[in-house]
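Below: a set of structures, written as structure tokens.
In the two complexes below, chain A is the common chain; its partner is chain B in one and chain C in the other.
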Partner chain A sequence: MRRASLAALVLLTACAVPLDPPPPGEPDGAGPPRAGGVLRGASPEDPRTLDPARGYDTVSWAIEQMLFNTLVDYDAGTTIVPELAESWTMSDDGRLVTFTLRHDVRFSTRRAFTAADVKYSMERLLKPSIHSQGAEFFHGIEGAEDYVAGKATEVSGIRTPAPDRVEFRLTEVDPLFLHKLTMPFAAVVDRDTVERVGDDDFTRYPVGTGAFVLEEWTYGQRLKLARNPDYFRPGRPYLDGVEETIGVSAQLAWFKYQRGELDLAGIPPAEYERVRADARYQPLLLSRTTLRTQYLGLNCALWPFDHVAVRQAMNLAIDKQRLIDLIDGQGVIANTILPPDMPGAEPVPGYAHDPAAARRKLEEAGLAGGFETTLWTYRDPEVSLRLAQSIQRDLQAIGVALDLKPVDFPALIEAVRHEGTVPVFLLGWEADFPDPSNFLTVLLHSRSRDTNNNTFYANPVVDRLLDEGAPLLDLDRRFRLFHEAEVLIMQDAPWVPLFHPAGSAVRHPRVRDYELHPLRPSRLENTWLAW
Partner chain B sequence: MAYFARRILRALSTLLGTAFIIFMLVRVVPADPAVSIAGPKADPETLAAIRKDLGLDDPLVVQYGRYVWQLAHADLGRSYMTGRRVSDVILARVGATALLAVTSLGIGFLLGLVVGVATAARRGSAIDVAVLLATLVGLSFPPFWLGNLLIYQFSYRLRLLPLGGYGSVWNLILPATTLAIVEFFFYARFVHTNVAATIASDYIRTARAKGAPPERLYLVHALRNALIPIVTVLGLDIASLMGGLVLTETVFNWPGLGRLAVQAVFGLDIPLVAGTVLFAAVLVLLANLIVDLLYGLIDPRVQRG
Partner chain C sequence: MAETTVVGLGSAARSRRFFLVGAIMVGALVLAAAAAPWLTPYDPDAIVVMAYRGPLGPGNGHLFGTDTVGRDVWARVLYGARTSLFVGTLAMAISLVIGMAIGLAAGYFGGLVDAVLMWVVDLFLTMPSLLLLIVLATVLPPSIFTIPLVIGLLGWTTFGRTVRGEVLTLRERDYVQAARALGATDARIIVRHLVPGVLPGVIVLAALGMSGAIIVDAGLSYLGLGVPLPTPSWGRMVSDAQTYVGVAPWLVVAPGVAIALAVVGLNLIGYGLIDLLAERRA
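And then the complex of A and B:
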């Protein structure tokens, strides 16, 4: 008896290893920002590139944003603010955008920045040999198509009437143009360096006007940035530098954080609930919903999802709260396509979890006996597969037998583009711009069926509303049209919106003024270390 | 001499075959390299331009010809993800992997050899049974589990060693121990079985009857004859050691080829995948070639046969 209770006790203590405390120190405190210190971070992999024309992933952007600047940028939310540009004007027809540039900006080589650098950087981005994933965003500049096709040696629509002025002439009005200019693709690069090292090696010798300069990049091991003493914002950055250790798994990063060896870290999914519930971590925990929607895509071109009632049944059948539990509460339930933080997002009549109603919808479609279909998902044992299994269970309850087909991510992206291949898929979308069109037009306009409209949804009324809204600079009217489109799309139900994931991180108590951004990796210009 | 030449020729032809298989494998992957370069959001024109630029639209024969031509010039192409030369990337990483592999294999093999011979000599004793049981348990340790356990206990809890990383001998201890433990159990068991089988053979009994001292009996007569299968396994083991390296490097933040290969696979970086696989194949071939050549030295009859 005693032996049994001893064994039980040992087992119990083994299971309940208490959560270790965060690194010690006062997490907040008054006082002016302190200059100095090196912020220590960790990343599971090297950035793919530090050439802003080429990077299109969070890891690359996070570093590029510290080395380079764009004409305009976002504030802590999604409002556009000046950066290299001091101010800008837009003509009445919306097709001419003129920027007045700051006079006090230098590259980290000390050369003064001028309008010619903007033109050079944009033309470099558009050069076909760069293979920039961002080039397509700027094809609406006059003369860009000719330049890309090799019919012109410069982009006629980018003009530099004075060293501190740059003009962009657009082929048609583009309400997203300023948003496009905030993307790191449009960052201003140092022409001298590019010409000295060549386009392919610029990633190893990236030179811009940013708050930091690249000090060392030992591939697979570490990446060090040092403060740029000539940075145009006086007194910024506060940090002397940033040091990223590369190749650190999420678990190892968590150990290093708890031991005080890292200033910022992610939280391993298995620990998230405990960390959130622990008062010692409360002041250090950063969390923010991003402009992302995770959804179940239903292929409207394939039986039985060519029936609206079947698609609506899917919407009614899925228990989204359980999905939220499966991602350890790191997100909010999605009842709409647009994420709640998206400008112009409004409540849309959606579908509650109601298996009985779902079964009635199937009867309506003549499928009372259910059917069999296949869900394609990303092969990642941590999250996607668990979500897929939960969905499988929900659909089983209404008589739908769901086979799971987990594949690698590139293969998934490829397969969903073929109309007759994938009946149901689990994917997410993250906004490039804080504008409803970036979800609705890109993912659900019939014109996008050969790219990102992987549900092959087509509704002429929705198309018309989206096309009508697209050129509008008047945000009220613009958002109203997109909202009407979203209401119709939700009725047609090509998607089952599942949830909007939240981003989260923990900081060392000495880290101050660090915030997560809804759209971009966080910048460290205003961040400082209290000791 | 003819023996050596034959072996080297055979290795070269195997290498060509391997290169062909790798070429075919990376082309039947059901995913578009253009998508892995341009990203999931790219438009069809961009994708088409990239395919054209990489020559992915050319007939397979043309692509294979170009591939072999580049290989002959030691050109493994450029990584899709980073644009760096695959050969540069591999060279930058090979040192770290070699250090870890040689240390762990060396320690694991030598300890395994000693324990294997020692227990074979005391067959049936308590220590023999204990070692057999221990190897059974030890061989079932997955390296990533063992690695995480060691790092949690020795680095995180006891704070005796750094939490992963690379650069000093302190960083090497835990990853090398992880792999060496797995290797040790494997060789202890294998050497034990082989030496024990040899000891039971007639010529050993004869030698013993002639009054050969035990050291000579075990170390000269038995070990030398048991060595051929042991060396064979050592050659084959290079391949499985690489599997262990992939996991161990990932757990310990060790900047080696194994972690590189994992990143390449997840990013569908085909030139990098093909390059690392080919490089690993060359290493395995080299190891086996050396083993073949060693046979000739251990047992001169092999050369004649």
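And then the complex of A and C:
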């Protein structure tokens, strides 16, 4: 009796629930794109806003990108292509950028789009009462500072010499200006609607020129987009609409996807390995590297990380391959700060996993006996805490006792900004634009110490290289200077780059031409449903 | 008969049987905790798989498989027994010391002392304890002592009230009156005459309190507030593995069964003792 029940228990614990199959259907097939159908998605939460001047998170951006357009955008990779602008020119000194606009663009109210709408949208973004987090990206436009300070009624650097022409005059050369214009902050909004409903209610009546229009947004329940019949790209979008069910957790979305109730879903970390190994899912699995780096930040202002040798020891001690294994291979080992897809990224002499060498470095720093310190991490048991415990183990092997301090994400972001608080932290960074400065200057320039340089790293030579590279339009020279800076930073080792994570998702077999983008949420303009 | 007692388990024979089963269950856990290094070759914190490819199933040299970091689950359950028993014992001991001191003082001295102390008890009872536990466990620096300390400091009220009630009747007994007439000091009366009198009831409460503390610890660990990682703790193991329940159910079942064993075992001991002690006293 006792033996039998024990056996039953062992049997029960040994049996995993088998992986359910994906929704049925032929995952690929020839034939022209089919128009029609509503794509079904899900999200755990409402977008914070649909006002492009105000959204700065992927949930908001994903929807905004479908409702609005920007002058320029990225192709499937990181190359800038025309969108509302047909073409553009840049003056020799790099300070005047002129766009020629498309003639066939209408707002979803059917009103024709002109250069004045561009100027209006940019000035609205810069208006202090909007409190846009994106405003600072555009302070380099001539006259923007005066406009923000209330000393001018318009931004003198944005001019509209003709209805199909808009000029931006910049206070200094800004090689990133076009990249900044791809951000949804710079999307063109419908002036009539803004003036009718007011700035604050525009999030509920987001009228633009995009491929879709907002049909319904019932807070906490669902968000429906319908095809914009007047969209300027002929025949697009293929979809009749998009319906997002709100309040669906990642786990629930996964179950709904398996039952064929959703067309797109993420894969829960617990299931990823089984899904990847399952031939039924293989054709439906989407994965791509993103411009992200996950890293350990070492606070250079705090003992013992004020010693270079200690920071180098940390770099040598960590087994990054095991971290990749823990995330089920969803990423590549990072030996550099810049992700491999970043333009200008080149191999940098890094650190191999070598605990013996790490011990020697500690001896060099006079810390042969090791030391005790604290790692602050996001308290997510599914990923962060598993990685943290692996790192803890690696450091124990070289005599470093690492206490873990798991905290909420906002608390983590806040704590790392204070110079004397966090000795070591586990964080990631995702590029806003595909340019090395978006990692190196933003995160490691000494000037950024009161914003995003949370390791408080400061090296005057690195600062000089970054400052020298920043205004260069000549990409070869620009990238060379940033590369030199990165080599020095890796020697000084304020970071332990861990890995560059990949994004992944699964599609319903009927979903075609859907791709993950390295920088932005996916757009559904070219996506179609086979049935 | 015993049927008429409020919380008894029925006949004395039945109580004895329950007590025995409980004692075996708890005894097994104590033994497992004490003998952990001999029952598994693995360090509970060590990553034992060569290359992580998801949690390994039971077998393959790992009785309960391996977890989501690549550690041996059987080793973590065994060493987790140390954590749970330590937390339960310490929390119970703290509650017991505070509760007895306050109960004895309130019951013996009566009057204003009693009123004030019972007011303190009421104050503690009005506080939403789980909320307070979460706040304290967040604010205090994480260590193996934090959680038992917090649970102990908040959990003494039952001890206090029960002891006070017992003392109220005991202090009127002839032998206490006699001791007082012979000139015994208050301290001597309390230690020599009252404490032994309240002890049987306190032992019952201690067993139940310990199981309660283990449950609360599991709950707090489940919320991510228990003993610091990587120290194994059953509640934490259940919580960390919850999304893996379909993929690797052993990660949840093993620590879950361990929690159930400890709690059921201690409760059987406690409820069994109620009748056994009543029977002895009668």
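Criterion: the second predicted complex is superposed on the first by the 518 of 531 C-alpha atoms of A that agree within 3 Å, B and C clash if a C-alpha of one lies under 4 Å from a C-alpha of the other, contacts with A are read in each partner's own complex, and residues count from 1 in each chain.
To be clear about the criterion, contacts are C-beta pairs under 8 Å (C-beta built on N, C-alpha and C of every residue); 3 or more make two chains touch, one makes a residue touch a chain.
Small disclaimer: the values here were computed from a predicted structure and weren't measured.
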{"item": "Partners on chain A (chain B, chain C) - clash or fit", "value": "fit"}
{"item": "Touched partner set for A:Ala388, first chain B, second chain C, both or neither", "value": "second"}
{"item": "Touched partner set for A:Ala152, first chain B, second chain C, both or neither", "value": "neither"}
{"item": "First, second, both or neither for A:Ala397, with chain B first and chain C second", "value": "neither"}
{"item": "Which superposed partner A:Ala135 touches (first chain B, second chain C, both, neither)", "value": "first"}
{"item": "Which of chain B and chain C A:Lys405 touches, first, second, both or neither", "value": "second"}
{"item": "Partner chain in contact with A:Lys256 - chain B first, chain C second, else both or neither", "value": "first"}
{"item": "Which of chain B and chain C A:Ala270 touches, first, second, both or neither", "value": "second"}
{"item": "Partner chain(s) touched by A:Asp328 [first = chain B, second = chain C, both, neither]", "value": "second"}
{"item": "Which superposed partner A:Ala116 touches (first chain B, second chain C, both, neither)", "value": "neither"}
{"item": "Minimum C-alpha separation between chain B and chain C after superposing on chain A, in Å", "value": "8"}
{"item": "Chain A positions touched by chain B in one structure and by chain C in the second", "value": "251"}
{"item": "Interfacial residue positions of chain B with respect to chain A in the complex", "value": "29-32, 35-46, 49-50, 53, 78, 81-84, 89, 92-93, 148, 151-152, 155-156, 159, 163-166, 250-255, 259-260, 263, 266-268"}
{"item": "Complex contact set, residues of chain A against chain B", "value": "45-46, 48-49, 54, 56-57, 128, 131, 133, 135-136, 200, 203, 218-221, 245-249, 251-252, 255-256, 258-259, 261, 407-411, 413-415, 432, 450-452"}
{"item": "Touch list for chain A against partner chain C, complex", "value": "9-10, 12-17, 251, 268-271, 273-274, 321-322, 325-326, 328, 379, 381-382, 385-386, 388-390, 392-393, 403-406"}
{"item": "Chain C residues touching chain A - in the complex, by the definition given at the top", "value": "45-47, 51-54, 57-59, 64-65, 68-70, 142, 224, 228-230, 239-240, 243-244, 246-250, 253-254, 257"}
